[in-house]
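Working notes, structure below.
Each chain gets a letter, A, B, C, D, E and F, in the order it is written, and its residues are counted from 1.
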Amino acid sequence: MQKHIEKIRVLFESLPYIRKFYNKTIVIKYGGSAMVEDALKKGFAQDVVLMKYVGINPVIVHGGGPQIAKLLSRLGKESRFVKGIRVTDEETMDIVEMVLGGKINNEIVGLINHYGGKAVGLSGKDAGFIKAKRIRIKGEEMGFAGDIESINPRVIKTLEESNFIPVIAPIGADEKGLSYNINADTVAGKVAGAIAAEKLILLTDVPGVLDRDKKLISMLSISEARSLIRKHVITEGMIPKVKCCADAVANGVNSAHIIDGRIEHAVLLEVFTDAGVGTVIKIKR
Amino acid sequence: MQKHIEKIRVLFESLPYIRKFYNKTIVIKYGGSAMVEDALKKGFAQDVVLMKYVGINPVIVHGGGPQIAKLLSRLGKESRFVKGIRVTDEETMDIVEMVLGGKINNEIVGLINHYGGKAVGLSGKDAGFIKAKRIRIKGEEMGFAGDIESINPRVIKTLEESNFIPVIAPIGADEKGLSYNINADTVAGKVAGAIAAEKLILLTDVPGVLDRDKKLISMLSISEARSLIRKHVITEGMIPKVKCCADAVANGVNSAHIIDGRIEHAVLLEVFTDAGVGTVIKIKR
Amino acid sequence: MQKHIEKIRVLFESLPYIRKFYNKTIVIKYGGSAMVEDALKKGFAQDVVLMKYVGINPVIVHGGGPQIAKLLSRLGKESRFVKGIRVTDEETMDIVEMVLGGKINNEIVGLINHYGGKAVGLSGKDAGFIKAKRIRIKGEEMGFAGDIESINPRVIKTLEESNFIPVIAPIGADEKGLSYNINADTVAGKVAGAIAAEKLILLTDVPGVLDRDKKLISMLSISEARSLIRKHVITEGMIPKVKCCADAVANGVNSAHIIDGRIEHAVLLEVFTDAGVGTVIKIKR
Amino acid sequence: MQKHIEKIRVLFESLPYIRKFYNKTIVIKYGGSAMVEDALKKGFAQDVVLMKYVGINPVIVHGGGPQIAKLLSRLGKESRFVKGIRVTDEETMDIVEMVLGGKINNEIVGLINHYGGKAVGLSGKDAGFIKAKRIRIKGEEMGFAGDIESINPRVIKTLEESNFIPVIAPIGADEKGLSYNINADTVAGKVAGAIAAEKLILLTDVPGVLDRDKKLISMLSISEARSLIRKHVITEGMIPKVKCCADAVANGVNSAHIIDGRIEHAVLLEVFTDAGVGTVIKIKR
Amino acid sequence: MQKHIEKIRVLFESLPYIRKFYNKTIVIKYGGSAMVEDALKKGFAQDVVLMKYVGINPVIVHGGGPQIAKLLSRLGKESRFVKGIRVTDEETMDIVEMVLGGKINNEIVGLINHYGGKAVGLSGKDAGFIKAKRIRIKGEEMGFAGDIESINPRVIKTLEESNFIPVIAPIGADEKGLSYNINADTVAGKVAGAIAAEKLILLTDVPGVLDRDKKLISMLSISEARSLIRKHVITEGMIPKVKCCADAVANGVNSAHIIDGRIEHAVLLEVFTDAGVGTVIKIKR
Amino acid sequence: MQKHIEKIRVLFESLPYIRKFYNKTIVIKYGGSAMVEDALKKGFAQDVVLMKYVGINPVIVHGGGPQIAKLLSRLGKESRFVKGIRVTDEETMDIVEMVLGGKINNEIVGLINHYGGKAVGLSGKDAGFIKAKRIRIKGEEMGFAGDIESINPRVIKTLEESNFIPVIAPIGADEKGLSYNINADTVAGKVAGAIAAEKLILLTDVPGVLDRDKKLISMLSISEARSLIRKHVITEGMIPKVKCCADAVANGVNSAHIIDGRIEHAVLLEVFTDAGVGTVIKIKR
């Protein structure tokens, strides 16, 4: 009996969080180890399903770089990267679409549904909801590496209102219908802005944003974030993540989080506790 | 961090229960110690609010015998009881209405709202939703001790659909508008039937239904329940409770529970765990 | 036949009033003799029901000073008054809650329902709709004599839209859940403002606002009303009533009326005729 | 003041009738003197508007024989009648359509709107809602004298639900789109059946159904009505009216009334009093 | 098979037009030869029905001068015209109402329904939707020749939303309920403005607006249109048509068209092709 | 001008078909040459978009055998077939999911959207809407070759009601979340039954069902279809197609069509003309 009572006691510690996020939308960029290790995968799916049941609306955006690389290598294709962005020729784009939109998206949908959710996979081509454009880098031919022109969130809202959980592959199309491979963080950030999400959460394989002494920074304002980039404290792969968070917050998202997806149930720990599992970017008041 | 992780783990143990009762209504007869001791009161209010937040619709019916007795005694009125039912003259009925409909109902509403709910008090006179009739006991003049003629659950449904939590005082009115004091277990049982509740829970000050050896019976079918009454295993005050549970189940309520309200969070323990905090009456399959 | 024709003729005289108030809300402070004498009580209930049937939405707020006094005296409690406001200790507040929220509220609900309405009793604690604060009078400890901090009219609207008639006991709660006894005129005025009522009607035991020669003043602008208070033409118990009317009109209520509740069907006479049964406070154009 | 109080008293005598017919539909065949004399016209329009305001839904069906005759005569056309039905050649049908659908329908619409209603004129050709067929009388060529094949009440319901008052000219069309002149009593009866009206009222220029001694019969069952026709107590023009009432009642209309339209406010006298202004045909219980 | 394939090919040429006008409203003034010749009538009805089926909402306004003249002459009445407007005495207004509201309106409704639509006839008196006023011309007594005071489009919207096709006779009423004969072009223009139509189409018996050399002008801006009137290039009967188009465009209608109704399917040719069947007045960009 | 008039004439020939299928759902199995050749692909997308615009709801189910084969061969995997069904090991299933759910599904979605639709891709794993089970063939290990256990069409309906066009990849999941490769014809047939479609259309690379003399059979009843299979007139690959059609019709689909997808606009030719582009299976009346 005691353990049951303990369990109930714990439930109540969650109530303030449930109330705070009731009927709100949380966009989660899913990727990295959390998408690979079984325990983390299961934990993630459970987090998503539990949130939905207690009245919070999760929207998932996933990446898939490693899986794409694997299939490309198996097919003997090699990619060139410019400023960290994969130059995407037509054949590569085909592979991207198959891996992201076919394999990974379906896998995540299946995972969430297995744990009791009603996930529905989307790519940005569905209902043309992500209008994409070619990335322009001077002197480079980037192929089908794309950026976002605009988002029409109606299909996401339609699914959300019928209690489905949208799972989004980061692919868009231009007006000619050509597909583009878009950075998943960017998609998550823009979607969060377009649907006025309460929270944006980026799952990463690092503890969060670190200062010069490699210590975790737990909170940043938009201007602090931008300043740290300018001062080269934030570097490399973390730059686009922090930018995307700052942009989302500037677009009305209440808070954006870069958290350590290698921790089991990292999402729920962020949403339902004050454990502090990473860095939050928000407007300081 | 470990305690946070533990907390999340516990949350997930609740998920199957949340899913099971999602969008269902649970009628709870609130009374006894649970209505007196501060820790139990707080626990009850939290249970109700948490259920509402995770998508379960609680409807509360309360009694108030001891408080009525207290005020009557203070006013120098003495009550006669026939078969455990208070003979209720006009002045007594006035007191009943004040204590149940005024003091206790408001107190419970206030308690639940204090913990974050949106409770709304009702008596069966509101919108005339409990049509009452005089209890007839041969050779006795029972006064305003009443029984239920019919229930019109529209006002309950209206409040429930707008996410309010109905808290019901067990008072009804006959067609002349005269008020009647009705047994709270009976009201809970009939309301559960009328709104097709998933569960009926009676909070008592005993561990549940006991067998001849004073050991808890954890499950009873309708016919077993009735048989135990006939065989005088179930006696006295437990008889109407068991009858009311059996009737509710016969009227379509999925399960009826007689549980020990002296245990903190008894309601959530019943709904969210398999702890077995009392006796369940249900159709055996 | 002639009397029937006469009856129809009379019906048509009401049509312009029905059209004028169609789908509008009228808040009525019910109290005084109208709450005591049988003929007046019946007349009031009929007025309320008829209005509802012809498409007007009545909202009732009631007082209950005399009944509270009666029970207090019976229990041997004595109250002290400061500036006409009852100093309300905890035990007194209990009595207030029982009498207002239990006895009187239920009685009015029963009365209206007996004449064919679908009344539902509320206190300001229901859904926490009246947030109260302690009245502060310098050098005095007023106890649970309260004032209104804010009104959340959603529960009133929910009931009104489902064709129920809200009957409100003038009790509120502060953030700790403590109950406060609030002046019923004040509640009526604030509720009228919060739900943008068309009319506020205060039933009193006087003919209306009188001038220095004790002659009825039939109309006052807000500034005239305030000026008469400053000049001590309006005195004592009439001051808060006139203030509350002036405030309601300032808050957007179209007209506020202080009428003589000792006249049978005073409410309908006000609403459906140009009989002039008291004083109206409105913006002069 | 006394007359005002008297007025209110009278209002209350109407309340039981308002409650009885609340949200119900009453189909009224409007014709005869009630459509000619100014006082009667005004009274009729007021009746209709008042009913709408107190929550009753009137649907008007009108005739127009005399006005048709007048224009035909002015144009030098003469009509032949077979069994009381006008043989309607193409030119006559044109006149019928202009007089009924143009002049009279518009006049009634204007009349009701002038007294505060929102009437909308319809003919059975609108949305093809009355499907007509040619009347067949052996050995006779009846032209465009028509009978009803079927009624599709959707357009009536659409208008009613938006609080408009439908005013129907008794014209139908066959599948080729040809117009037919239909008896207005028949249209009223069939429409009442098709929309499950509470009441059908036929306004006539006689006191109601008379017995052999020319005394008014106040109530008839369906079988009594049919028996009186067989026994030739009911004769001539009254036969189709009684048949149409009996059919309507057989089709589920609660009561059908043949009343004296020469009495001012005859409709309201029927609906709102027990004055007995004619003959009611209903199922006796 | 080849003809079938050809047919499909043609269907697709319409798709861009269907998409462009999807869910938009098009107000059509119907008159002239298109209302007289059988092939043109059939073509018009088919156009209207097809538009409704592919998701475009047509609203028809019709005239009827010739038919009015015919009946007036048959009845031996002669009309005087002032500036092209018929001086309308009471008897004439009666005829107008019968011909427009009875005969012609019903005929058009029947015609459209025969081809599969669900047309419902309206005059501006229905629900009082066209409030009219007397035309004032100095020194002249115009009788019931009216102009538009205001339009309340609710009844049109109610019918449109239930998928009915409104067919409007150009009659209005003043506040006394008196009927007025209004120019149909004017009604079409004002209705188009009041319901924020996408297009206004006036069917005429000329090819459109002609320049001094009698050559068709295919497009005009508002200011060009007004300038051509000032310069007497546009003369006589075309003046009010062009004015009404310019006003509609100034009131927010996207484009107004004066087209040649003598061409079969002129409306669809305008809406579904780039055939250029007349003159368009729109804001040049 | 003449060609425009011709065009309009042709439009009208489609009207009876538009009316017939208005608001109905048509399930189309898309595959074969129609999915390969550019002109056919474009024609198909246009057909789908046009249907949606004229109020018909298309639901697309696609296959993708050849593309799967191509990628498998490129990756050096070879498949074994048992009774025409691909034995699907885990790695193959991965490929299937990538090709069907990623590449082909996205391509079709993009194609339809390019021509103006709002297509949304689904696999049967989305919202778990196709519950699959392993195909059992005695003595064979079929791997992830699956059959349909049940269909939950809610996600299809949700999208359809918001005017999106569902495009379905024939993949399902069992209760463990394992993916299965299902025959696309089967999915189309079952989906058509589950959503009570009006029509099922299978696009093939043959003219339809042929008799022993290789002549097209234009219509078959369910029993005739089954008899022809028994008599080996229908053979090989056509057997499952005819069975699936017969089953769909037995499940309430009005008609099922096996048509020649090599004809441009085959779908519209079937739906909008009486060209007879294949074999229809329906209940003969």
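Everything below uses one rule, namely that a residue touches a chain if its C-beta (ideal position, glycine included) is under 8 Å from a C-beta of that chain, and two chains touch if they have at least 3 such contacts.
Source: prediction; values computed, not measured.
Colleague: Using the contact definition given at the top, which chains are in touch with both chain A and chain D?
Modeller: Expected: no chain.
Colleague: Computing the C-alpha centre of each chain, which chain sits at the greatest distance from chain A?
Modeller: D
Colleague: So which has more C-beta pairs touching, C-D or B-C?
Modeller: B-C
Colleague: What's the distance between the Cα centroids of chain A and chain B, rounded to whole Å?
Modeller: 46
Colleague: How many angstrom between the C-alpha centroids of chain F and chain A?
Modeller: 34
Colleague: Using CA atom averages as chain centres, what separation in Å is found between chain A and chain E?
Modeller: Centres of chain A and chain E (C-alpha means) sit 55 Å apart.
Colleague: Tell me, which residues of chain C touch at least two other chains?
Modeller: Expected reply: no residues.
Colleague: Determine the shape of the graph in which chains are vertices and touching pairs are edges (line, ring, star, complete, other).
Modeller: Looks like a ring, each chain touching just two neighbours.
Colleague: Chain sequence round the ring, chain A first and chain B second?
Modeller: Read cyclically, starting with chain A and passing chain B second, the order is A, B, C, D, E, F.
Colleague: Using the touch rule from the top, collect the residues of chain F that touch chain A in their complex.
Modeller: Listed in rising order, the residues of chain F that touch chain A are 71, 74-75, 94, 97-103, 105-106, 109-111, 113-114, 118-123, 125-128, 154-155, 158-159, 162, 164, 171, 173, 176-177, 179.
Colleague: Using the touch rule from the top, collect the residues of chain E that touch chain F in their complex.
Modeller: It comes out as residues 1, 4-15, 18-19, 22, 46, 49-50, 53-55, 116, 263-265, 268-269, 272-273, 275.
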